[in-house]
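Structures follow.
Two complexes come next, and they have one chain in common, chain A, joined by chain B in the first and chain C in the second.
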Partner chain A sequence: MAETSLSQAKADPTPYKGSRLGGLLHRNETLRGYLLMSPTMVIMTVGILVPFIILLVMSFWTREGFGFDTTLTTTNYQRVWTEPIFGALLSRSFWISGVATVATVLLCYPMAYYVAFHVHRNKMMWIILMTLPFWTSYLLRVFAWKVILGYEGVINSGLMSLGLIEAPLEFLLYSQTAVIITLAHAWAAFAILPLYVSLEKIDKSLLEAATDLGDGPVTRFLRITLPLSMPGVIAASFLIFIPTTGDYITPALLGGPDGAMIGNFIQLQFGAVNNWPMGATLSIVLMLWISAIALVFLFVTRKAQEKIA
Partner chain B sequence: MSGTYIKRPNRPLQIYAVIFLIVLYTPVLFIPMFSFNDSLYVRFPLQGFTLQWYGELWTREPVWNALWNSIKVGVVVSLISTLLGVVAARAITRYRMPGKSALVTFIMMPLVIPGIIFGVALLVLMSRMGVPLSLYTVTVGHLIVCLPFAVATLLPRFEGFDPSMEEASADLGENGWWTFWRVTFPMVFPGVIASMLLTFTISFDEFIMAFFLTGTDPTLPMYIWGQLRFPQEFPSVLALSSLILFVSFALVFVAQRIGRVGLEDEL
Partner chain C sequence: MDVVDQLGSVREGKLSRRAFTRGLLSAGVAMATVPAGTRRAMAAAEDQASYFTWGGYDIPELFVPYQEKHGELPNFSIFGGSEEALTKMRGGFVVDVSHPCNSGMPRWVKTGLFQPIDTSRLSNWPDVIPELVDLPGNQADGGKIWMTPFDWGQTSVTYRTDLFELEGDESWDMLWDKRYTGRLGSLASGGDAWWCGAIKAGVPMSDIATDEAFEKIAAVMREQRPLIRVYTDDTTTLEQALSSGEMAAAMTWNSSATLLQSEGVPVKFANPKEGALTWVCGLMVHKDAPNLDRAYDVIDSLLSVDSGKFMINDYGYGHSNAKSFNEFDAETLANLGLSKNPADVLEAGHFQIPQSQEWETRMNETFEQIKAGF
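Take a look at the complex of A and B:
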């Protein structure tokens, strides 16, 4: 939010600077700002902070019959730590989202690059075109891939009616591949926007300078464009990796047994298994892991950038 | 725009861009394509054109109920989140507040936290408070999801706004309310419309929160989810999905166009 500080300076009408009255009015301005913000903040606090605290507390409870034993214990956390299924589910979720994230960023980078550097007219139209599908129902986009990858789906029946294959390819649906393809497709807009913004910001004269100093297109890209667009790459990676690790629609519709992710397991705890405290524990553990991975990722990229510079 | 050397078109990149767009749109286009197919099964070759599946939808009571539920939730969510968005965007751009960037980060948090965690957290809150699950709980969930989008849509509007206009209006004798109505509001109005359309669409299409927070009245995506279990319902689900996709595309397209009116030069 670098822009806000700018507009803040612009919008700061303090004609009485220095006097005591001015100070009071100034504080009043701040107060008025907070007052305007308060309804939104109340809703967000009630909707985010309070539920999280309750979720955290519940994660230390245990199930007892149809109710909860509200004595605080770390039983659930111990189970998550010791029973191999949880570790396996978590690492599989991170693996699937990780691959989907890398694939999405790699595939979207050239597209964002094209619009940032090679489209001169109707840029806005291109951006709307690239992000439009993202606004349509996530459920329906996942459903579309089920239609395509299904046992008798578009690809299989298409290839069969063309006579290219005899029997349906079984690996298409209900596999990790299916989940990764669908995630990469569904989250493309989240990669394109930050990549585009960071590429668009690059000062074109730097590129001309590099050319004048004898860099070829490849060296120029590696030495100037790529390092300067790293913030976009990092933002895109976060925006895809974090939400997808908790996804459960895609694995539920397309994953099959091999493609189940931690989100499906959490959903089961709140549904069929009916062990809410365990579900709460898993949600907290997922959050902690995501934060840890995000911090490591930030640290590594920071180090790498320092090395380049 | 400068950058003379880069004027020369890059053929491979151009081809890549076209393929990219085709791949981006094709999966979604298969849904309407098969919704007109005269067969229970979604497979090639196509069997001929029919409107049968759409006709079936028309006569189904639960579809209409679910549609009405989704519209009710969507309208309430879009009105409240846009109103709160206007107020928040105004406060963020107009007033000097310590800790402002922390507040903005807090509002944007739902964008970077897995939806399932919000869903279960709200579910736990509602059940601990003894609130029965209903369309009201879904509305609260959608509000949390939509607020960041409302604020993000409205912020550039308020940022591109020259405060001297308001000062001029005040100098000419308008009071605070009239200044807001006659000067501020008309200038941010396109952003308000865009935000309302976008938040309505998000709520209308939202599934993850609804999954955890719906009571006995399903929203449209919840209804579709329920029908996916029955293979014989597949064609009518395709027809319903096509209609939803069409409405979403239209709403968002209009919202994006309106939202950028007057801001075109900024990008």
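Take a look at the complex of A and C:
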């Protein structure tokens, strides 16, 4: 491609008389590409790369009173490794967001499946309807769950008026359960959309062929539909697992003492505890752990897919 | 393109993808232009002073004189704990007026982020109770002061008189009562909870910085943690939980009890036999305050008798203006746990003593770990 455009430019002796830059752009496809990408690249650099480097450097500093001791050391990383609180909070975060991820994907798969295969008119409307809860802010959704799960909330008062329970169920709010339920609902759209797209893409003739060759509905699903929708499942899992692990507001409002996650602790380091370097270290460690878990997950699903195929 | 028309076509299932996209586009344009409209309408608010304060102080009742003078309320920002507020301001957040308490004030001054207050610019200054001004570390050069006292009160236990069975006198033991496991609440900020822990552990306020005190207090906080339903800086959460019966007792400030009582909830603000925790909070001005004149108006408004009456009557807090108390008889004040002479209340309890930054950080770090279960 690059060569053809280059030769075309040479064939035309005076393509852009006025502007040298225009000519350069016309000849050089790589430059053109970078220019088109430049708004995104600028945002990525300023908004992600630079803060990340600051975070990385800060994680090797230590706190000194209200300021920083800028000599580089690995003290913070050693603390994360040796003090049990950090490991416990990390594993609790992975547990909570892992369960939430599995729950979300399991609950959203049938919905996406239904729309992809059994809805023929107004599919767009269905998709919009399913994303409807996302038209309100995240904070409002979390508060809504507080109302539903609360001591005098919808569930408790409903069950009590039915006479099923005598005292309100206290485990509903301020617990890990509450955090998991809320996360599973709050992130549902991020599962439905990729699942729907991957299910929608499946060639229906493959399903017919499977039926013709004697597969029942269950075998057909396991052999054709599920493997072909795996990209959607993987995408959905990542889209939910990665942000929920570091989620801060849901456990802060609904978690209670036992539902606190690593995100809350990172926030505290930048707030009341006033140890920014430690907060930076925790963020980096969290990022590394998520990458590691994501890689393992990818590897396992790829192996599983190969086995099915 | 008519909205009603679109809704009709949705109902009939005839909305084409193109029509839908067009609808989305117009909605998007409308959404994007809304802020432009409101910003223009609220342009005046940008000229108002900004007040960085605890939740519950962002109400018009406290700014009657200010509103009369400037037509609008100041801009508010809210914090949950004063340590959080200081961290945020150290991070570059500039406001006109902020609202620390006596235990933090010397540390706030030391950060160099604040300017002394010229009391001659405050019309209500002659009525301010002198004992409240005369706090350790409050004197600045040239007869100025760092913090104008505004409100004072107690941190104690608010409990449901119908749900909580008292064993003997009211006491801090109520928040350590195993009979009410999972039905007790606490403020999340160490600035209150740790000091109350010190009272429970029997550590005198003057010894709170010793290593031994640290261990003793940490031990009682660890003992309390499994009993606590939720630690929160949001007093509304505690008030709602007390009013629904989800909690039988919680650590709160005066205002929670007063507010709940006014709603008819059977609660009482305990007067623990070990003594309550007492504090004085006040107003400090940022050194780069963008609206200095209006900052003084904010302070003057908060010190006014109007605000004082509201603070005493509706929130149950003490006020720094001596004239505010004239409206109330001694019995009403006693029921609120207040007195015309602040020293009566402040010295009867355990008055917070300013600590070093190292202590504050260590305390917060330890308390956060305890809350997380370690």
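Simple rule for what comes next: the second predicted complex is superposed on the first by the 270 of 309 C-alpha atoms of A that agree within 3 Å, B and C clash if a C-alpha of one lies under 4 Å from a C-alpha of the other, contacts with A are read in each partner's own complex, and residues count from 1 in each chain.
As a convention for this text, a residue touches a chain if its C-beta (ideal position, glycine included) is under 8 Å from a C-beta of that chain, and two chains touch if they have at least 3 such contacts.
Model, not experiment: these values are computed from the prediction.
Once the two structures are overlaid, the count of chain A residues touched is higher for B than for its counterpart among chain B and chain C.
Using the contact criterion defined above for the overlaid structures, shared-chain residue A:270 touches chain B and also reaches chain C.
In the overlay built on the shared chain, the residue A:300 is in contact with neither chain B nor chain C.
Residue contacts after overlaying the shared chain place A:65 against chain C, while chain B stays out of touching range. In the overlay built on the shared chain, the residue A:140 is in contact with chain B alone; chain C does not reach it. When both complexes are overlaid on chain A, the residue A:288 reaches neither chain B nor chain C. Looking at the shared chain after the overlay, A:33 reaches chain B, while chain C stays out of its contact range.
Using the contact criterion defined above for the overlaid structures, shared-chain residue A:152 touches chain B and also reaches chain C. Of the two partner chains placed by the overlay, only chain B lies in contact with A:41; chain C stays clear of it. Judged by the touch definition given at the top, the superposed model places A:209 against neither chain B nor chain C. Across the two superposed structures, the residue set of chain A contacted by chain B and also by chain C is 124, 150, 152, 270. Across the complex, chain B is touched by residues 1, 3-4, 7-8, 10-13, 26, 29-30, 32-37, 39-41, 43-44, 47-48, 50-52, 54-55, 58, 107, 110-111, 113-115, 117-118, 120, 123-124, 127-130, 132-133, 135-141, 143-145, 147-148, 150, 152-154, 156-158, 160-161, 185, 188, 200, 204-205, 207-208, 211, 238-239, 242-249, 253, 263, 266-267, 270, 276, 279-280, 283, 286-287, 290 of chain A. Across the complex, chain A is touched by residues 10, 13, 15, 17, 20, 81, 83-84, 87-88, 90, 111, 182, 189-190, 225, 228-231, 241, 244-246, 357-358, 361, 364-365, 368-369, 371-374 of chain C. Within the complex formed with chain A, the chain B residues making contact are 1-6, 9-10, 13-14, 16-17, 20-21, 23-25, 27-28, 30-31, 34, 41-45, 84-85, 87-88, 90-98, 100-101, 103-104, 106-107, 109-118, 120-125, 128, 140-141, 143-144, 147, 151, 158-159, 163, 167, 198, 201-202, 205, 207-208, 211-212, 221, 224-225, 228, 237-238, 241, 244-245, 248-249, 252-253, 256-257, 260, 264, 267.
Every residue of chain A that touches chain C in the complex is listed here, in rising order: 63, 65-66, 84-85, 88-89, 121-122, 124-125, 150-152, 168, 170, 174, 256-258, 260, 265, 268, 270-275.
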